[in-house]
Amino acid sequence: MIDVFSYVPAIVLLPFFSFLIALGVGKYLPKGGAFGGIAATAGSFLLSLWVLATVAGGEAANRTLYYWASEGGAGIGPTDIELSFGILIDPLSALMLVIVTLVALLVHVFSLGYMNDEGETGLPRYYAGLGLFTASMLGFVVADNLLMAFMFFELVGLCSYLLIGFHFREPGPPSAAKKAFLVTRFGDYFFLIGVVAVIATFGTAQFAGTESFPHLAEAALAGEGSVAWTPAGVELQTWLTVVGLLVLGGVVGKSAQFPLHTWLPDAMEGPTPVSALIHAATMVAAGVYLVARMYGFYALTPTTLAVIAFIGGFTALFAATMGVVKDELKQVLAYSTISQYGYMMLALGAGGYVAAVFHLTTHAFFKALLFLGAGAVIIAMHHNEDMWDMGGLKAKMPVTYYTFLAGSLALAGIFPFAGFWSKDEILYEALVHGLNDPLLLGGYLMGLLAVPVTAFYTFRMVFLTFHGEARSDTARDPEPVRWNVKGPLTVLGTLAVVTGFINMVPVQKVLGLEGIDLLHLWLDNHWGGIEGLSSHHYADIGPYSSGYLVGGEVGTVLVGAAVSLGLALGGLLVAWRLYNVPSPTEHTAKLGGIKDVLYNNYYLDELQVWLAYRTEDVAGGANTFDQGIIDGVVNGVSSVSLFGGSRIRRIQSGVVSQYAALLTLGLVALLLALGLSGGWFL
Amino acid sequence: MIEALIGFTFAAALLVLLAPDEWAGRLAFAFSLLPFAGSLYLWSGFESAGNALTGGDIGYMTQIEWLEVGGRTVSWFVGVDGISLPLVVLTTFLVPLAIVSAWTPIDSRQSQFYGLMLFMEANLLGVFTALDFFLWFVFWEAVLVPMYFLIGVWGGPRRKYAAIKFFVYTNAASLLMFIGFMSLTFALGGSVSSFALPEITGAIADGGLGTWFGISPDRIAMVAFLAMFAGFAVKVPIVPVHTWLPDAHVEAPTPVSVLLAGVLLKMGTYALLRFNFTMLPDQASALAVPIAAIAVISVIYGAMLALAQKDLKRIVAYSSVSSMGYVILGLVVFTEYGVGGATFQMVAHGLISGLMFMAVGVIYNATHTRMVGDMSGMADRMPVAVGILVAGAFGYMGLPLMAGFAGEFFIFVGSFAAPSLPYAPIFTALAMFGIVIVAGYLLSAMQSTLFGPFELETDYDVGPAPFHDVAPLAVLLVAIIVLGVAPDIFFEMIRDAAVPVVEGVTING
Amino acid sequence: MTAVASSIPPEWYLLLAAAVFCIGLFGVLTRNDALYFLMSVELMMNAANINFVAFALYYGDLTGQVFALFVIALAAAEVAIGIGIILVLYRNFGVTDVTVPTEMRW
Amino acid sequence: MVNTLPQVAALLPVFLLAFTGLALLLVDTISPDTRSNTSMAVVGAVGSLAASAASVWLVVSGTGSPDTGGAITLFAEAIKVDTMALFFSAIFASVTALVVVAAHDYFHDHASPAAFYSLTLFAATGMALLAAANSLAVVFVALEMVSLPSYVLVAYLKRNRGSVEAGLKYFLVGALSSAIFLFGISLVYAATGSLLFGGVAEGIGSLDGLAGIAGLGIVMIVGGVAYKTASVPFHFWAPEAYEGAPAPVSAFLSSASKAAGFVVAFRLFTEAFPVGASLAAGIDWVLAFGVLAAVTMTLGNFAAAVQEEVKRMLAYSSIGHAGYVLIGVAALSAGGSANGSVMGAAMAHLLVYGFMNTGAFLFVAMAERWGVGRTFEDYAGLAKRAPVASTAMAVFMFSLAGLPPFAGFFSKYFLFMGAIDNGFLWLAAFGAVNSVVSLYYYSRVVKALFIDDPASSSSLDAIDVRPTGLYAAVVFAAVATVLLLPGFGPVIETAEAAASALF
């Protein structure tokens, strides 16, 4: 029986090869190397499916493949560290592999329609970027230790830079790319400290196994072991919390959580398929995935969990409110992404490990769908993204409309679409755990408040785009899209409908049907996995206990579901009333002053720009200081010496009798000095 | 073997000097390949075993007495260990590339230019292999002379000022260092009979320092340490004695900047490691906190200065100051990863800064300006060169799987939990913030020069760069990535040589 | 004669010599004319001669006296050359004032 | 084999020089026509080279060195030939050779070059004699033998106001100084009752109440030495003399004559006034020299840094170097372990200096021969038209600045090293600071030659001839300056041995 896990590296390498090919000989290939990318991602996808199947067959892998820097040493400072690359294949990463490869594949296909058919230039560069992006993300997914994870995490950032800035000849994209990289780099700064701290503290960065750092931390906290090092005078618990928060920095950056979310809306400057990739499967997902990956560590530190939950809940609501007033299709989607990942963070913080992964999955599909749908619309609208120029596209592009609608329903969390199940479970987890934890409860309430807002802006978008009458000539006569656009949309549309059914917890709880909450079982190593990486284990070490409202568990489930669904429908209806009319008008004026605040994203960009300028001022000051004072001293020394020289040379007056006098004086002075010191004149 | 390497390089320098201008460049390139091959040969046959100064065995050692002065022998004493060999390879690797990168910009007195380049290479090899103080000092000082001409003759508008400043400033530093080291030697009195560095190191380690003209051994050691540290700090350079560097870099022609940043700065850190941190480890660890503070200041302050620059070369120059700060931090923490990482970072930064200066040079060749404001959208006209420049910039930002990340990461790992440095985590975290600022200024500079619509203040028509301009860049980039993916090809031997240094500190036992 | 000479305590000779030397030095410092300068230098040399002769007597060996003769000869030679230089000085500058030629200074 | 020779053979260099001088007079009387210039030059060169070869040979064969029966004393101990004497006569002779060869081109259109050669040779004879003096009497006579021809040589261009002014100043200051020197000798004689170094040393050992007189005398002698070595405060003649004199003469004075002054100092202050005895008697001439050294090098270097004319810059730089070499005497200490090495280093530096400084002045001579101006600006871009000579000049400049790979590097650093070894850190520090300054103005010359562009395209047309002799001399000096770095071993070891023999 062949060992599938030995092919896991190929999953990562195939897209990497497509990157090399596209970069090297792309311009000689048809479609600028697109087919290479499609083939590679398809290959990776099939391999991932195979891996998934194997994992379902009860196997898992945690292997070190390559030592980056050899072990061993003097035993001074951190030593015997294993800095290595390896693969960790368990239910979680297997699932993620499938998601990433699938979305990447569809995006590649879609790009044929979006880039090639639109006659873009620089396609080899584009497909090279996609390939590298996919490869980096896959490398991150299979990483078996934190250092490797960090490395590919950073590479993902690089690729986002390259792809967001794809249209480098225009002023906007390069700036957006810079912002994306810088903001996430700022987060990664803390992440890197975290990595170093983990290695220094535990001497290892492994995720899984008895020698893994979550395991060591758990043992140390339980008093059954000790860590290699902690800073002098810091409690272990405190230190672990600090480390957790440091790593969280990277997560907040990449997953665009408050306050490092500002890069994401700008990132819409990139080509739409890239946006789909970034938002659904790769970059933004990376953050959440990281927390899930090392959940065994976070579960040990309640403070960190609470922070995660609160950030998540807040971001969910906060971003949703901003989505309400945007006029551009992709902008709305961007804010919805931020908000949705807020939900996932809330889930993780609330101990809803499975719920988070569930939402990660569903969201990957319906958000990819929405972006690709938006892409289709943009093709049709000749790259005009303003929703106020659209309208009435429903009739002209049915496939796009119905798939897009499915995605929207999922996003809004309408029964029975995928989003409903996952979002509902998140809220449920937050509720039951939050009843004993006020901070968490706050997160829950914010999450709950975000539900109607989400539904509202989602359908505002749908109605403005597809319903009513066409508000511009292009909308009246949109450009048709081809199979390579419709195909991916159909696939994703289906998924957006059905994905929810893999984890119908409410049904299971209410009807008591065992075994239909597949994802729970899956992540609980029901079909096998790796010791210590199961949701149950996380629940055991986690700080939370469940509390129930009226009617115990079932009651709480029903109440929670009812409330969130009701709110969602409420939001939907408002949007219907306001915008599902032949010629809708802006109602933002009703918001009064808040409108400007929302339009300007709570002035957070302004704040960051202000910070950037202040930094430049400081730099300028430092420069003046350097040129003036420090270098001034250096040059001062020389000019002083030269001045001294020009004074000294004046002694040489040219008059010989003065020489005689000076000479005599000098001699006499010497005589006196030595005479007095030697006591000759006594 | 080593003397053959150095001797050949000197001979090559002479030949090129006499060669006609039109093919001096090609000839120099051909010649410079042999030292590279030679260093590869050294590398292939090298068995790393400990540190040359602390009694580890020395690769390819030769020791011939040269002359005797004041009862102590000065000898031709060369050899390599895990610390010096990578730097030798780096030098011989960079010089051919630098020579090729000179083909375009250097259009006058070529034979003299390439002759001096090779002459400098020979001396650099001497600096990294010499194990006798006077021999080492001869090479150390002799590097200044070709550099003076290379900046002064082929440099930019303010080249004369820059050349003299570099010349006088660094020479003053070496004199200070000389006095410090000499008093140390004489305080050893009869316990040493030569200026061989291993012998002196051993004697100091065995407490050979005696009272000298009424000064207690500890004080002498401390004074000597400070004098030498100050002396080498100029060469590194460390804030606040760094101001010669930007001027020198801005005025120097591209290939010279490449060697200046790539190798000459490493002379300073190499000497710091060899003299201050290997010979006087306890003084070093006694001063750990101030030195670490200086290192952190160098990192942040240098980065802030780079942020304020408008001249691409100045940006890279100041960021070199910043990067060297990491090296100092790595050295002072006296951990295996710290010292090893610092040495690794020397090589890594040598490659990356070389690449950056070369790439900026390629753009300058086409546009004849380096001012950020004068151009934009260069990517449109010279895609390949710009592509490599972008890659190099990310390498400079410490992108994983490129050499820079390896060096910095090792240093951080080594310094974060260093037992010998109080508040090590704080210092490390502060220093690490450099990776954010560096991203800040490099990305901004790239955005405004490389991207956006193509505009150029100077009226030159810019086309794709010629092959022999781009080829060295590509080679460097490959080297950087290889070193980033497999740092062990150097790091293993470096660690071998670094461990004895680390164990030299008393508190490390 | 020798008795008289030797009956005088050596300090006196020293004082005499010192006095003559200082007179000469005074002349050198005050007079700007080359010839005066030359003469004053002669005085200073002869002051030395006094010492030599006197202490040769005092120690009773002839070295000093013989050396004095050498000195006289050398002084003469020096004067000869001095005169020569003063001549060309006069030819080029038209004066014998040593403070006049100041073309080279600083 | 040396022992089979008559003892007098040890004075071979002196005799050779003297005979050459006389022979030159003869040649001049035989063929007083214009071609005599060449023949003179040849004779002079041959003679001085022979002398130099003789000294080297004698050193190698170990004449006068401790391991062959110690120094050879002649003429009632008035003369004493040892390794140091021969070492220095080698310096004098080789410098003389260089100067003579160079002079051939320099005086190509001079009315009567004959006297120049003989005078130079006689001066050289005096120096060689000085190196072997063992009695204050001989010292004074030999010193005058050096000075009197030098006065004439400086004023040799009779119709050149600069030359004459220089000669006058040199003469006046010289006369005054030698008078002071002589009076100092007389006082020492008065205090110790002997003119022989040995006797003086004994006398110093047993001064009863005469310490004051001896002290006065010694300080005055220090003055005399300071004059010959152009050290503060007796340096005033130097800038003018070097600037005004014909360049070959400047070379001769600044190298050979200075070395002569130092050889006197080394002898007197080791054999006549030993450190220990003098300090015991309360005569701290070490301090005196220390002060002089510090002041001299500072004044020389700082003044040199701000000159406009290359020749005058070199004049000041040679004052600065006098300061360095004075360390050789100033860093002595009673029973100091490194006395030998520091003084040896000083000697070695003088040897190297003899080549590099002479070479530098000879390059100036070449520039004067070409008729390009005297200032730094006038030298701009010379390398384009005269690469070889300019490279040689660069070698001299860097070597004077003490940079490898040139001999000046070792000699200077060993000097500092010796000072540090003897505990005179402060002197070494002074030296260090000053050599940084010197670096600045020496590199100014190189900058002018290689980096600066000529003032005008026609400004270099003056370089129309290739004076063979000057070229030969300059290139030879440059080669020597370079080769002395790898070959520094024998030099420093001989010098140290010679110096150590004095303690």
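As written, the chains take the letters A, B, C and D, and residue 1 is the first residue of each chain.
Quick note on the criterion: a contact is a pair of C-beta atoms (placed from the backbone, for glycine too) under 8 Å apart; a residue touches a chain by one contact, two chains touch by 3 or more.
Quantities reported herein were computed from a predicted structural model and do not represent experimental measurements.
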Chain nearest the overall C-alpha centroid of the shown protein atoms: B
Please state whether B-D or A-C has more C-beta contact pairs across its interface. B-D
Counting in whole Å, what is the centre-to-centre distance of chain B and chain D, each centre being its mean C-alpha position? 42
Using CA atom averages as chain centres, what separation in Å is found between chain B and chain C? 65
Please tell me the distance, in whole Å, between the geometric centres of chain A and chain C computed from their C-alpha atoms. 98
So what's the Cα centroid distance for chain A and chain D, whole Å? 78
Among the residues of chain A, pick out those that touch two or more other chains and give their numbers. 638, 649, 652, 654, 656, 660
Out of chain D, which residues touch more than one other chain, so two or more? 168-169, 172, 176, 180, 239-240, 440
In chain B, what residues contact two or more other chains? 168
Can you give me every chain pair that touches, using the contact definition above? A-B, A-C, A-D, B-D, C-D
Chain A partner, complex, touching residues on chain B are 165, 168-169, 239-240, 243-244, 301, 304-305, 307-309, 333-338, 377, 379-380, 394, 397, 399-401, 405-406, 409-410, 412-414, 416-419, 425, 428-429, 432-433, 435-436, 439-440, 443-444, 446-447, 450-454, 485-488, 491-492, 495, 499, 502-503, 508
List the residues on chain A that touch chain B in their complex, please. 67-70, 73-74, 76-79, 81, 150-152, 154-155, 158, 165, 168-171, 173-175, 177-178, 181-182, 185-186, 189, 192-193, 196-197, 199-201, 228-229, 231, 615-616, 618-620, 622-623, 626, 630-631, 634, 638
Residues of chain D touching chain C in their complex? 137, 140-141, 144, 148, 151-152, 155, 158-159, 161-162, 164-169, 171-172, 175-176, 178-180, 182-183, 185-187, 189-190, 193-195, 213, 239-240, 243-244, 312
Chain A contacts chain D in the complex at 638, 641-642, 644-646, 648-649, 651-652, 654, 656, 659-660, 662-663, 665-667, 670-671, 673-675, 677-681
Chain C contact footprint on chain A (complex, rising order): 649-650, 652-657, 660-661, 664
